[in-house]
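By letter and in written order, the chains are A, B and C; residue numbering begins at 1 in each of them.
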Amino acid sequence: MRPVISLLTDFGFSDTYVGQLKAAVLRVAPDAQLVDLTHAVPAQDVRAGAFLLWTAVEAFPSGALHLAVVDPGVGSARRAVAARTHRGDVLVGPDNGLLVPALERLGGLAAAVSLTEPRFHGPRTSSTFHGRDVFAPVVGHLASGVSLEELGPSLERLEAPFSFPAPRTSDGRIEGEVLHVDVYGNLVTNVPAELLPARFDVVMGPARIRGAPHPHYQAVASGEPLALVGSAGLLEVSVRDGSAAATFGVTRGAPLHLEPTLR
Amino acid sequence: MRPVISLLTDFGFSDTYVGQLKAAVLRVAPDAQLVDLTHAVPAQDVRAGAFLLWTAVEAFPSGALHLAVVDPGVGSARRAVAARTHRGDVLVGPDNGLLVPALERLGGLAAAVSLTEPRFHGPRTSSTFHGRDVFAPVVGHLASGVSLEELGPSLERLEAPFSFPAPRTSDGRIEGEVLHVDVYGNLVTNVPAELLPARFDVVMGPARIRGAPHPHYQAVASGEPLALVGSAGLLEVSVRDGSAAATFGVTRGAPLHLEPTLR
Amino acid sequence: MRPVISLLTDFGFSDTYVGQLKAAVLRVAPDAQLVDLTHAVPAQDVRAGAFLLWTAVEAFPSGALHLAVVDPGVGSARRAVAARTHRGDVLVGPDNGLLVPALERLGGLAAAVSLTEPRFHGPRTSSTFHGRDVFAPVVGHLASGVSLEELGPSLERLEAPFSFPAPRTSDGRIEGEVLHVDVYGNLVTNVPAELLPARFDVVMGPARIRGAPHPHYQAVASGEPLALVGSAGLLEVSVRDGSAAATFGVTRGAPLHLEPTLR
């Protein structure tokens, strides 16, 4: 079976960096099945990259490889790492927090190593493109059967310089915030489905969205706001046939709260 | 031989939705050959998606699978469908008109089913992402040899809530409109090659483009307009080394007409 | 082993042109491993495409196929060509200079042919989309074992209507220019690593960047400029955690010079 390798970077689409990354994987593992998650992480925004990686990894088959590169510290003392989850997936990237939420979503850290063995790196070396010269060749070797332990000395833990804000409960209401605005202008919040009351209103600045959770987008009239559990298992605020981000003038970090209501 | 699966959505490139869609196909059919048609269909613009799908399917080998998701009605009562063409291709997506023009281009509907069999759906369910949770797993199963008939009850026909405007002939002239503006600013019209006079002028608002059809872009001087049969088999208006959309200030829906001329 | 085929075009992402190109390759070589380099070459900018292709080809395994289409002369008398390098790679595209720098990077021209044999072209013909109708089928046949020599009559040389400006040495200083601005706003210059003094300043308009070459981005404080050898082996000017293009208001073609300094 062909190994599945996901790719997430902030390399964009107008240079050839993503293509060079893939070429470096395929030099070692020519049969790999490469899947782009996104390459439009805002430049050097490790936290945004970590969120996007977290949203996607669960959709992959167990044992998949995930290569993620958002790496403002490239070339400096930050470590390059590979980490195996309890489910058997392996994530590869810089040790700057990028991989940590996804690791936790996949069952937590089972083993990790520092990628110091040069024989598993590429033929070129640069101080600016470890994606091509370190991470991608390592992923190729993992896809070809090299074990994690051969890649370098083991690590007890990864760096975790940030975490996503958890929702808080206060005075019977749930306080959260917007973690991500997606392509449709949906506001993806940090409130997981498990925490939601049976019926509630969402209050965001001066706006109140009544009757949540809505079953689907068509439960309200065109142009009206709604709130439902989105595909990541988090509460999302949307506008039917429109953009909630534009309607409410809201971006990442905006606060909101939920008020439980009677039926 | 590896099954070829095309993908067309309005998911954009900045989220991980396309990656999750592909992961859900590969969970079932790890050997599939996935080909992106585009993921930049304007958000929820079913009609634009239908046009773009129509432009592309004929380039694929017979028997290809086509997964298309532009789905503002996701989670509501709209059906999820798979449809086989007389040529043997299978299209999968929402029953909202998105698939219909492509179906017709590939020889017309041979059989269709409603995707109600949950054993061919994915392990997660959501009310917002049937691409990942219904359509992609179904495509994976089709690629792995499951027959269309197993996926759910058969349908007599698909919904066809819209169609592309046909050109009209009036007073000896052909009246058409712009269906699509491409990346170069070319104006793709609804006038097929078969309908074109031997020689004609194109009149669009105050502009008149003489001497059509032109054999290729270099038949006029740089910066000059021209009209030729484009790669979709439709008349296109272009500007050499420039953008016809910008030059003429024209967008989708703009009317134009053709006047036959003597040689 | 699956043949690796890279793809570089100016087709963008909002049409289905790239998908049609891939479909045309897969019709002939269904098992190919397709790798996008970029499809965001500025429309019809052959020179920019040639630079981007040049940056990427070396990352691929020897014997890879490279399909490049930036082709304002499509349909006119310009030739369609395939060219083999001394390393064994094959490049396919229009004979307008697009392929030449990459060919030279891969060891230079070993053999070239004009793609005039219609039996290796696709089933459709158009005057606007030789990517789908000529180049992609030819690449598919090459991937399937057809030899270069079968594709058409051999050529002594390719057209080379432009070349990248070489840096000049004058009065002990090295004068260069910006060849490319990348997604991060890094200014990629035409000065190769081999030409750099041990220590130098970079002077660009009124700005002077001292202490180059810097070992990595973190060698300066956040927001400060630096200069280092980038992943293409060329001197790049960057701003840590920022954009050099925005900081200096600089675009492609901007001049700069290097002044050697004592340690």
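Observations, loosely collected:
Everything that follows uses one rule, which is that contacts are C-beta pairs under 8 Å (C-beta built on N, C-alpha and C of every residue); 3 or more make two chains touch, one makes a residue touch a chain.
Note that the structure is a prediction, hence the values are computed from the model and not measured.
In this structure chain B contacts its sequence twin chain C using mostly different residue numbers, the overlap staying below half. Chain B is reached from chain A by a rotation of 120°, derived from superposing Cα atoms (nearest 5). Our note on geometry: chain B versus chain C, Cα centroid distance of 31 Å, whole angstroms.
Residue positions 13 of chain B are each in touch with at least two other chains. Chain C meets chain B in the complex at residues 10-20, 22-24, 26-27, 30-31, 34, 43-44, 72-76, 124, 126-129, 132-133. Contact residues on chain B toward chain C in their complex (touch as defined above): 1-2, 4, 6, 8, 13, 33, 35-40, 52-53, 55-56, 58-61, 64, 182-184, 215-219, 228-231, 236, 240-241, 243.
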